[in-house]
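So, here's a batch of structures to check.
Both complexes shown next keep chain A, but they swap its partner, so chain B is in the first and chain C is in the second.
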Partner chain A sequence: MEMSGIGLLSGTRNILARDLTLAGRRITDVLTTLFFFVIVVSLFPLGVGPEMNTLRMIAPGILWVAALLATMLSLGRLFTADYIDGTLEQMLLSPQPLSLIVLGKVAAHWLVTGAPLVLMSPLLGLQFGLGGAALGVLMLTLLIGTPVLSLVGAMGAALTLGLRGGGALISLLVLPLYIPVLIFGAGAVEAVASGLEAGAHLSLLGALLVLALCFGPWVTAAALRISLE
Partner chain B sequence: MALNWFKYSSPASFYPLAGRLAPWFGVAAALLTLTGLYLGFFVAPTDYKQGEAYRIIFIHVPAAWMSMFIYLVMAFYAGLGLVFNTRLSAFMARALAPTGALFTFISLWTGALWGKPMWGAWWVWDARLTSELILLFLYLGFISLQAAIEDPRRAARASGLLALIGAVNVPIIYFSVQWWNTLHQGASISMSQGSAMAATMLTAMLVMTLAFWMYTIAVVLTRVRCEILERERHSEWVAEVASRETR
Partner chain C sequence: MLRGNALVAVRGDRRLFAGLDFALDAGELLYVNGPNGSGKTTLLRMLCGLVAPAEGAILWNGEDIRSVGDAYRAEMVYFGHLAGVKDELSGVENLRVNCRLAGQDPSDEELTRALGTLGLRGLETLPAKVLSQGQRRRVSLSRLLLSRAHLWILDEPYTALDRSAVELLQGLIRDHLARGGLAVLTTHQQVEIDAGITKELRLGS
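What follows is the complex of A and B.
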């Protein structure tokens, strides 16, 4: 039992590997989130009409809102299973800092929900007639933005752990906090689609990511302690 | 004398104090509301551009100020409760939330009533309106989280943490919404008041703000009293109070 700096990070790595293995064993969960994303996006042309210019105009917003909803839907999985079988309590008792364990879990959550959305998004963007540059920026914003969604969502998941009707409640807590990411993410794509620079949007998204990385795991750890008291 | 401050952080000694103070704040709220409305509706001059319809600002603007201010006070009490573990702070945060949500709703509602004659629309996606709407969502999240947790201790701590998360996010949300609005500027709308406002208008608005403030304190004190009684119902002093007041 060595407790050096390497030991700390290896704890995070172990949690990450464990959660990824668990997700790999239940691959349908991962696919469900991805299909949800695809289906929600496909509903919009049916509701709005097949007019390509309209669709191109609203595509960034639609793709981003769908990504928000898909991430939110998967937040329940983040801690619930570990909470029910008691693993989470053991994690709280372990000598590893809880925030680093949380970081590992959130990283795993992003890899199985956020990353597939990033990879899927250009295909959906093509359906909405987005151009090459806009598609690239769409992927880039999702790449920067979806980790923020996972980090912020983890706070909501920790606060609502084990509550009745947690699913609907978590949307009420988390969606207002997602608004800045939505604004800058969709804004960057829109800017590029209309021939403007997206640099400022991307910088702000990056700033949000840094903020969420610094404080998210720490706040989530505090919320987990409250929920498991 | 340094510890005197903490005397009233105990629910048992705060209960009678709140009971003595609440009626006074209630009376002050009533008097100030009458004064403010009189000043606003009868004394303040008619606006040369907006006519009589502008007079709703005497309710609208103070309500909007209070809605934001109450959230900060609520987050402050939530933080106190988390740091010092004082139960009374959590009671205060919990008691402030419905009043804050009420003022947010009033400011949105009166804003819609004002917007119709001024802008020709009940609702526009103006930065201020949008961030006020998001503030309402934050209040609702706080209230629902509290309602969803049965254990009162966990409810207080979890919603306290949520209030703090919200308070950190409020400026981020506010500025991003403002920026979003300038980028999307469809129909350019600006509320043209500000420097040219007559002194009586400003006075009426400040009096109304003070009235809302007094109302908030009166209501919150009363609500905290109920909360204290409910939570301490098994303690001896509550039994004493009950026997004294039913006699």
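What follows is the complex of A and C.
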């Protein structure tokens, strides 16, 4: 069949390329999430005061919570536009596996919201007086953790699609699922900041990513089929 | 090729239709009509596999479409109320994404030609947000031109189209039927398709 000629991941690539083009033309959406992250994180040194030891202690938690909230903020947009203009219907009717199309959407979501957070985090960590090693681990944990946030968030976004008040509902659904990522992500940075090894935390974070990659797109695809029925 | 056996549609706690049977073979058009709310769109969404029938089954070449899955979707194209056109993308980009979703990869030349046929010559590279409602529908319709699907499912395809576009679309459906394709159509407009065999299915009577 001609399908195999284009390859199995063509559905993923097609949607990934499209969503990146769209993000490039709606750059304000991308910047909103990033600025939200920057502002929320920057509020804490202002509120807590310039006591360096306190700041250093709360830094991993704050950066991670801000990353969760920034990701949450962007989840509403993940499927809504495609749902409203009918593209989502066409995705469901595509002969390509829906889970691979979803994977393309989630990958684009991460590149547009997660990756900028990762790149911005060391700069924000400096405000809290984090040292070089801790900054490195902070970036690493966000690099492993933010894709999990996108993958898990996509499930919530798919389940609440088309519901009134979906924005509040999605937080209730998704935030509890973010707890393990928060614990291991912030934990790894704290461990390194206090001179311990972060290997165990990072391994668990990696395991979460593998798990989310295997099941996330598949669950999201099933949720989308239910939401559109 | 396409069969509906004792289909029942339920929306909320209301029965839209029950015991609906039909059969459609190569070169045939199924014209579904009925008043608003009689379940035309629900039936068409069922035929796509978007909605599961409450009872009964839809068979494609003798097999239930819900078990055939991707292979059935490769044979079918659905054109519904929503155009599936992105504001920020140009006509060519929109068409390319839609074709790739359907598992095809047409060249830029084919895309431009398809859009030209639908009267969008010179507008192919403009973002869809500057196009009118009818022009956006034309962008969406252009994928029918490139589609190799056997079954066309068209839900109110004439909405927002001007007279020339309606004639163009009727021509496309006529050619499709003449090639041995199948089509399912709903519309409130008077439509004469003088090719193949037209079967009528009346809902809500």
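To be clear about the criterion, the second predicted complex is superposed on the first by the 226 of 229 C-alpha atoms of A that agree within 3 Å, B and C clash if a C-alpha of one lies under 4 Å from a C-alpha of the other, contacts with A are read in each partner's own complex, and residues count from 1 in each chain.
The working rule: contacts are C-beta pairs under 8 Å (C-beta built on N, C-alpha and C of every residue); 3 or more make two chains touch, one makes a residue touch a chain.
Computed from a predicted structure; not experimentally measured.
A.B. asks: Considering only touches as defined above, state whether A:22 meets chain B (first), chain C (second), both or neither.
C.D. replies: Touch partner of A:22: chain C, not chain B.
A.B. asks: According to the stated criteria, A:10 is in contact with first (chain B), second (chain C), both, or neither; which is it?
C.D. replies: After superposing on A, A:10 lies in contact with chain C but is clear of chain B.
A.B. asks: Please work out whether A:89 is in contact with chain B alone, chain C alone, both, or neither, and reply first, second, both or neither.
C.D. replies: A:89 sits against chain C, while chain B stays out of touch.
A.B. asks: Examine A:229 and indicate which partner it touches, taking first as chain B and second as chain C; both and neither are also allowed.
C.D. replies: It touches chain B and chain C both.
A.B. asks: Is A:97 contacted by the first partner chain B, the second partner chain C, both or neither?
C.D. replies: Once the two structures are laid over each other on A, A:97 reaches chain C alone.
A.B. asks: May I ask you to decide whether A:187 touches chain B, chain C, both, or neither, giving the answer as first, second, both or neither?
C.D. replies: Only chain B; A:187 stays clear of chain C.
A.B. asks: Can A:155 be said to touch chain B (first), chain C (second), both, or neither?
C.D. replies: Only chain B is touched by A:155; chain C is not.
A.B. asks: Where on chain A do chain B and chain C both make contact?
C.D. replies: In chain A, residues 229 are touched by chain B and also by chain C.
A.B. asks: For the complex, which residues does chain C have touching chain A?
C.D. replies: Listed in rising order, the residues are 48-52, 70-71, 73-74, 76, 78, 80-89, 93, 97-98, 100-105, 127.
A.B. asks: Quick check on the complex: what are the chain A residues that touch chain B?
C.D. replies: Touching chain B: residues 155, 159-160, 163-166, 169, 172-173, 175-177, 179-180, 183-184, 187, 190-191, 204, 208, 215, 219, 222-223, 226-227, 229 of chain A.
A.B. asks: Chain C touches which residues of chain A in the complex?
C.D. replies: Touching chain C: residues 1-3, 6, 10-11, 14-15, 18, 21-22, 25-26, 81, 84-87, 89-97, 101, 228-229 of chain A.
A.B. asks: Within their complex, state which residues of chain B touch chain A.
C.D. replies: 134, 137-138, 140-141, 144-145, 148-149, 153-154, 157-158, 161-162, 165-166, 168-169, 172-173, 176-177, 179-180, 183
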